[in-house]
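Let me begin by presenting the structure, written as structure tokens, before commenting on it.
Read from first to last, the chains carry the letters A, B and C; within each, the first residue is number 1.
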């Protein structure tokens, strides 16, 4: 077993009295793809900034590539690639210049920067936009350019904070494809997301974070197995009848979740439950049987939905 | 995963330690390089301004207005020199101050907010202090050519009687920098743009330009207004410039003060900006 | 623009706008002004207010400080006046110009290119002339405020030398109207912030050379002609004539100059806005 590239022990960040990150511990192995899943405000971004060696921790231990980021900030950052939640490309520079300028920050020569920039423009499918102004790029292109920029230094670890938030489905899929290739090449990925499909697609292992704490940890499939059933039945009876019907449904399936607009029935066999509901003479307006997802895990763990 | 253990860890840490060497040593220069690359997009404007401004100002004040004043006071009414020679060092210092103020307001506000490149730099191995240094280096890169061109135009107008006059370039640069650093210490704190920049210009730079003994000796103002000059780096820079450019007479301790005061402002502005920026990046 | 122009005749919606002044003007510039006032009140009135101080600072510094060194100055009519009384009317005209240019260039450019404000306005019943007039009126309102304040300062300092000085207020509005109208027309043709710099390049020498700080007689005749062709000189002369009480028929020429400038500015602005957003 190779030693972890990131080790966090009781990692804590407090802003005055408020603990944004409240004593979380995890390890990331080299080449692993590790996710932090949780709603907005769970402390994911703060954790990422501490791992990115730009935010000092209040307490706990943190080691990245065997170094303490508090003492070796620049050294640690020289090995990281960072894709922040909000793009911070330089709008005053053109696409290729953005990459070159960034490469210089790692001490690369101009020649190295030029070579690397061209290679990464290819990778990010932006070669034909090399001379464009950053402002004229679409959201998806900007994101790809940010990712290209984060790779200028051949990072050991790539940190991605909500990489696809705000992108349309097509742009998301292009981006996932690029990230998947990096993963295949052995780059360690650490990403935060509040999209469960993204977490399922990209993460080997993840932690579910809420209110600055880790609620659960494991591979996506294992978490689903552990905290949810195989299938879920979603039924709607209209918002005024929901609560009423929920009382009568008690005992159907292994577990019920009553949401304002629908009822979720957790079960190994969704169709059977649906038949049972029909037998009871309850007629849902809509019904749907689907496989459990990380969303259900989160609901189970926190009693709240991921996207609110 | 590849099955390496201890050697891997040592190699990773070693590579990181090596990766930090260059950024730690040259980081400030990388930031300056970045900012200068950004300036290239408005190079034409900068060139026209830095040549046009001295021509226009020296002509309007040093020739046009001077014709009124020299008629009234005689051709050598200012310590034995013309109004042109009197006003030129002030205009030179003002040009430096204007450029410094410009470069220490919007670009700093922008780096945190509208075009938050400072966070990007900091995510790379660049520290907050280096970002500040780099910005200030790029400010100098703008001030120095501005002053050199200004001085050449001054020579063209015959506004520099003394051979020591070339040193006014240094004095003006230093004056501009001291104002810029103090402004930067403030703008680096601004979180919401509520028009503070316009306020700095209207209630800081403009009155300083008008009441710092630039167009007329400070003693021309009532004593209760003269403090504006004493605290204004522009007055100190202008007075020192006059000593060098035409041998204006003043006590040596005052000349020393003209150097020490802006130097103190520089040190204060520099360290404060570094502290503020570092704190702000460390969220 | 061109592709939609070809489609226009087949669109029934385009019909009410298809000709005459009605297509350009809905007689509702008021609502544009009202929006502007609301925006000012909720955001930056302190900055708006601070604009008043700039010419006052200039007057105190140049007029009083420098004035002691200059003594009396001869105006274009040969009248000897104290230096402060010489530059005060010029500063008044300059501040009218600066305010109007700022409002009609930077502000308008921002609203057009970034805030997309006009695009929204023109999808309502407002026409391009409503928008142009509304914006200009807004600039004038601000200009009137500054001018009024500055004239009070002049009165206190005893720089209004004749009763005709009160006519300087409408004169300043005329000047502001002229610059706002022309400025807006030019801005509507600009595409980048860099191009805006050229406006500054023209404004600075005009500010310094238009008989603001010293009489035109300093220059050789050829340069005098160039300056007399530029708008600011007419404004300075007009206001100075009124505050010093040296009235002459020539002042009507200055007024005419501005009337023409206003007309040209409005025609081009309206045309351009129409081409940009409606055709």
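As a working rule, contacts are C-beta pairs under 8 Å (C-beta built on N, C-alpha and C of every residue); 3 or more make two chains touch, one makes a residue touch a chain.
Just so you know, these numbers come straight off a predicted model, no measurement behind them.
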Topology of the chain contact graph, where touching chains are joined (line, ring, star, complete, other): line
Two chains sharing the most contacts, counting C-beta pairs only: A-B
Between chain B and chain C, centroid-to-centroid distance (C-alpha), Å: 32
Distance between chain centroids, defined by C-alpha means - chain A, chain B (Å): 45
Computed distance of Cα centres, chain C from chain A, in Å: 54
Overlap residues in chain B, where contacts from two or more other chains coincide: 41
Interfacial residue positions of chain B with respect to chain A in the complex: 1-6, 8-10, 12-13, 15-17, 19-24, 26-27, 30, 33-34, 37-38, 41, 115-117, 119-127, 281-283
Contact footprint of chain C on chain B as seen in their complex: 41-42, 44-45, 48-49, 52-53, 56-57, 59-61, 63-65, 67-69, 72-73, 77, 194-195, 198-199, 202-203, 206-207, 210-211, 215-216, 220-221
Chain A - residues contacting chain B, complex: 1-3, 5, 29-32, 46, 49, 52, 54-56, 65-67, 72-80, 82, 84, 86, 88-93, 97, 101-102, 104-107, 149, 153, 156
Chain C to chain B touching residues, read off their complex: 44, 46-47, 50-51, 53-54, 57-58, 60-62, 65-66, 68-71, 73, 83, 194, 197, 201, 204-205, 208-209, 213-214, 218-219
